[in-house]
Amino acid sequence: MDPTPFIGLSAILFTIGCIGVLVRRNAIVIFMCVELMLNASNLALVTFARVHGNLDGQVAAFFVMVVAAAEVVVGLAIIMTIFRTRRSASVDDASLLKY
Amino acid sequence: MTSSSASLFPRLAEEGGHAVPVIHQVPADGVFALLWVIIALPALGAAIILLGGGNRTKGFAHLLGCATVLGSFAISLVSFFALLGRDETDRSVGQFLWTWVDAGSFRADMALLYDPLSALFLLLITGVGSLIHLYSIGYMEHDERRARFFGYLNLFVAAMLMLVLSDNYLGVFLGWEGVGLASYLLIGFWQHKPSAAVAAKKAFVVNRVGDIGMALGTMLVFATFGTVAFAPVSEVAGEAPTATMTALGLLFLLAACGKSAQVPLQSWLLDAMEGPTPVSALIHAATMVTAGVYLVVRSNFIYDYTEVAQTAVVVVGTVTLLWGAIIGCAKDDIKKALAGSTMSQIGYMMLAAGLGPYGYAFAIFHLLTHGFFKANMFLGAGSVMHAMNDDVDMRHYGALQKAVPVTFLTFAMGYLAIIGFPGFSGFWSKDKIIEASFGESTLVGLCALVGAGITAFYMTRVMLMTFFGQKRWEEGVHPHESPKIMTVPLIVLAALSVLGGLLLFGDFVTDWLTPAVGAVAHHELAFAPWVFSLIVTVVVAVGVTIAWLTVGRNEVPRTAPQNVSFVTRAARADLYGDALNEELLMRPGDRFVTGLVGFDDKGVDGVVNGTGTAFAGMSGTFRKLQTGYVRSYALSVLSGAVLVVVALLAVNLT
Amino acid sequence: MTTLAVSPLLSESVGDFTKPSIEYFDLSPLLIIIGVALAGVIVEAFVPRRLRYVVQTLVAVVGTIAALVMTVFVALGLEPRGDNAGFGAIAAEGAIAVDGPTVFLWGTILVLTLISVFLFAERHLEGGVTAFAGQAAALPGTEAEREASTKGLEHTEVFPLMMFAVAGMLLFPASNDLITMFVALEILSLPLYLLCGLARRRRLLSQEAALKYFMLGAFSSGFFLYGIALVYGYAGSMNLGDIAEAVSGTIGADPLLLGGIGLLAVGLLFKVGAAPFHAWTPDVYQGAPTAVTAFMAACTKVAAFGALLRLFYVGFGAARWDWTPMIWVVAILTMATGCVLALTQSDIKRMLAYSSIAHAGFILTGFVGLNAVATPGTAELTSLQAVLFYLVTYGFMTIGAFAVVTVVRDSSGEATHLSRWSGLGKESPFVAGVFAFFLLGMAGIPLTSGFTGKWAVFTSAWQGGAWPLVVVAALLSAVAAFFYIRVIVLMYFSDPVGEGPTVVMPSVLTTIVIAVGFAATVALGVVPGPVLDLAAHAGQFVR
Amino acid sequence: MAGSSTTLQTAYFGSYVPLLAIIVVGVLLVFAMFGGNALLRPSHATPEKLLTYECGVDPVGEGWAQTHVRYYVYAYLYVVFAVDAVFLFPWATVFAGLGWVSVAEMGVFIGFIAVGLVYAWRKGVLTWT
């Protein structure tokens, strides 16, 4: 199997996620971009599992999903608190701490 | 520890006919078992006073402070005589306390080395220290934080004793940092004065520069020899490559420059005079500032193998002795004039230490006599200030010899000693250094000779401005002699200033130091030693005469003591009145001095302060990068990731 | 727990599936802490509100002590393994390595946790409630918040959250495969994100800190995960031992491996707060409740450095010459950033944050020191030993310093602005003295543990041939001394501004924390021998 | 580093050139799309044009409409059970051969989630008010 297209796709997804984190202001969207990065990694893991012919990568992908789910729970809780306090989900508004 | 030098017949490294001594320790027994107590007593005193707090210890802190140091002095004295009674080969006593750091091959012990060199230092530190403690009882009488002052003084003494008693470089470093801390605390003791706080900070920062040398030097010693203890290092020092020894020598020289206020790290010492006068006497004249000389002499087994570093020491010493002397001429503040003189005298010691076996013993000899007479003069200056309501400007003094007779007489003893009046202690010690430096190089010898002349000039100026001439006192000043508790130490120190030269009687001090620094080597000189003594005496006489002609002879009669600014102006006009002197000597000299002082303030301080400012500026600029926006932080993470990956790929895929 | 064992758990043919075995004894400290965390959740669900605080504190303290005791037993039972002077065993089907360094780090983390629990449980300073938000769901400045505050509500959930974080910290340096490491990273991070946002006062700052920490933490763990994928693609296994074999069997450098090393390093260096991944540190340390800051600064750093050491020494040990230059660059950048930026800080917590960045740089200096994969029998100071020791000294100093920060207060809570600290020496010489001592320790003045620690890492770096790095580090520690001294000058040599700071007498809990931190800093400075010995006996990582 | 295997390395490295190219293309693509969009679109904004398009109906209220917190909590609970199941299925295929110990161990695993659920229940989250 030629893994290049899969790895390429995963790299593109990772890059999009990465750039998304940098250019978007909405905390939820940034967070979705992080999830995109995690899923790009998942794709790479599964591809490599296929290349190497063992299941470690696939099992790892399951763990990543679990972790991502836990992260969602914590992350949304934090974002929601901020939103309720400030009536804004823009990460640029939360910049009292600086210098 | 004591078994580390197993051989009973120490291998003597021959170099230029001089035997580099190998430290061979014998275990501590008898009175030497008490060595640790010498350090522990003042440390305990400091702990009780500082941890107990000022209010609770107010009643007894000064007594406790004096008692601990006197106790240390007593033990030092007994140990000294016990050491005197031993054979020359058994005079390095090692006491192992506990293993401080033991990490794999790296091992440093908390262990003490008591040998002739440290014995002399102990006597100086605890002896002069005791006198200064006693003096401080009177001097600090009216200061409500006197208890804390004594706590700091005790802390200083303990750290200084640690410095000279440790048997390894790490222990020296511990003491080194300890005295730096105590010095910092004491310079800034009158913290309500911004100038004192600034001076304290400056001293600390400049000293840190030197400390880098000490730390790196210690690490290099360990990396080279696998140990930091003096004894094993001295055994194998001859086998190390010269380049390493040179690096070590230069690093320790950097350290010495910081602690001993040598050019180019000298700038802090003048500002350090913001501290109370006993501090100036104890720390910034008699003991701490000589730590650099101690380090160089103690590391003789390193310097003897590296001519480059030795030459560097000589150059630093020579430059400093002139630099300090010239600054001393320009200062009107009595303490600053004395501080300039301290720099200059330590320059002499460094010069002697840089001469290697020709000068180690004389460096220590001069260090001792200087400890006596400079402590004497600083305390004398303190006594004068006490009399003059803490005024330090010599232009407000004059004609004090009647008002404070004891101070005057004791100060005069110190004065005669420092200019090298024949028979006084300074004469013997400085004369030897000048003689030895002529053996090294005529240029260095001439510089040392000129330095002696300038010393005579500015010390005479101080003497004349303070005690002779017309009264130029501030309004409402009624000079009075200090209490007994202050004058008795002055008298003792004055006696020592006069008699200190006796140490050289029968070559006692040089023979005594032989086990620690090696036998004194002698150059072939062009003239007999007494000719040199004569020349030095003549040069000193010339210096005194010039001072008399410029300062002493030209007094303005009937100056009104009430009118301060007029007095000051008159004194200045008086000082520069003689047209001939002005044109030929004072004016150019003054300009030169002003230039030097200016360079000292702007150039050298500028470098220190400038570095600080540069860092602060950088800090101020870069903190703007911390914008507070998550996304810009994420960008820095991303750029970091790119940096890391690129660094990896660049290294590996080229 | 069963499922944490990743290795050939699921093979293509189900037929040859063998039951995984779990070494319950070796893992007992970890399991106890997880149990304590769960017990905390149960307590929260069933115990009446007024009793919760006491019960939660007791559960946490007793559980931590039990875990500590088990750690000692585990340490005593370690057996030599392999041929590289290591002790210990690989547990849970290769997922967890219980070896000397692991046990040493477990002990360190648990002791630091124990005193952090005391700091969490402090109630005197806020007048009978903990320093955590009364009701996190109530909006700041609303009626609901005032009501929660008058009722004396408090979130005792902080204790189980903390215990979950500790569980992650214990697992992190012990994990012997990449996915376990990733899971541990998240277990330790997620509760910390929440804890950061739970301050009782200055809640906007606290919430902002939580948001920033979370966003950047998630971002960096994305990099970490992609690094895992790349290394897995290169080696065909997640197991550190297998990766090491693959690395040493390779000729030349593989972009997959190098990329993987780089991205994994990003995730770990983020957690230790190394530049240029440090940007979160000052903001989060400043915004988080001070007790959390103390806990996080000390324990997270210990755990993350443990993981960094294990990953790079065990997994990528053979590629040492490939990644050393990278660590050099990061170390210098980190020290410079920490030392320089701390100079102009005006908030004490923020200054301590930059100081902790600088410390991370110093530890990284030791990290590139003498190779940890030393030949058996040689008694050199390895970088592993030096770093372990430094972590202990750093942990105690940091917790102690932050504990002092909690007691210096004014009407609006902790007085963290530096100007409020001027004249503290007159106001409260004892507190100022202790704080000055911690600062001197961080500056590395002799007779404090900071000096011995710096000495150890610098020596090991020097022996490893990294002397230029040591020279830079020595220069920068001189710069660092300046800003520590600045605070001391401020406390002693400046007059109080306005009515000046007040020192609130804390309960015995915080007093214990400060006393332990102080004692450890003195003891490790004067007689560091025993702890250094312990670090030396920890031996090497096993694989 | 390893100069001796330059050819091997070049070949090996060469096989990842497409990877690099695709990353570059990925970056370019994003910028090209946003950039092209920005260049091509006319920008004569009127209030009507700035309205969100909702099948011809004017939108009411803000884009950020608040839903009740209970939905959010239920979403969490769903996530908990979903990830639970991910691990149960593989185990279920092999547990017959593993014996009761493994059942107990899996019980512990489920117990974790049960503790969480119990907490949620006691805090009143499960009550639909």
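Note that the chains take the letters A, B, C and D in the order they are written out, and that residue 1 is the start of every chain.
Methods note: a contact is a pair of C-beta atoms (placed from the backbone, for glycine too) under 8 Å apart; a residue touches a chain by one contact, two chains touch by 3 or more.
Here the structure is a predicted model, which is why all the values come from computation and not from measurement.
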| item | value |
| --- | --- |
| Chain pair with more C-beta contacts, A-D versus A-C | A-C |
| Centrality ranking, top chain (CA atoms only) | C |
| Inter-chain centre distance, subunit A versus subunit C - centres from mean C-alpha coordinates, in Å | 25 |
| Distance from subunit D to subunit B - Cα centre to Cα centre, in angstrom | 69 |
| Chain centre separation (subunit A, subunit D; CA means) in Å | 6 |
| Separation of mean Cα positions, subunit D and subunit C [Å, integer] | 29 |
| In subunit D, residues with contacts to at least two other chains | 1, 9, 13, 87 |
| Junction residues of subunit C, two or more chains touched | 10, 211-212, 215, 219, 223, 253, 255, 282-283, 322 |
| Residue list for subunit B, restricted to those that touch at least two other chains | 623, 626, 628, 630, 634, 651-653 |
| Complex contact set, residues of subunit C against subunit D | 1-3, 10, 14, 17, 19, 22, 38, 41-42, 44-46, 251-256, 321-322 |
| Residue numbers on subunit D that touch subunit C, as the complex places them | 1-2, 4-5, 8-9, 12-13, 16, 87, 90-91, 93-94, 97-99, 101-102, 105-106, 108-109, 111-112, 115-116, 118-119, 121-123 |
| Parts of subunit A lying in touch with subunit B, wherever the complex brings them together | 18, 21-23, 25, 30, 91-92, 94-99 |
| Residues of subunit A touching subunit D in the complex | 4, 7-8, 11-12, 15-16, 19, 62, 65-66, 69, 72-73, 76, 80, 83, 89 |
| For the subunit C and subunit B complex, residues of the former touching the latter | 211-212, 215-216, 219-220, 223, 253, 255, 258-259, 261-263, 265-266, 269-270, 275-277, 279-280, 282-283, 322-323, 325-326, 329-330, 337, 340-345, 378-382, 385-386, 389, 429-430, 440, 445-447, 452, 455-456, 458-459, 462-463, 470-471, 474-475, 478-479, 481-482, 485, 489, 492-495, 526-529, 532-533, 535-536 |
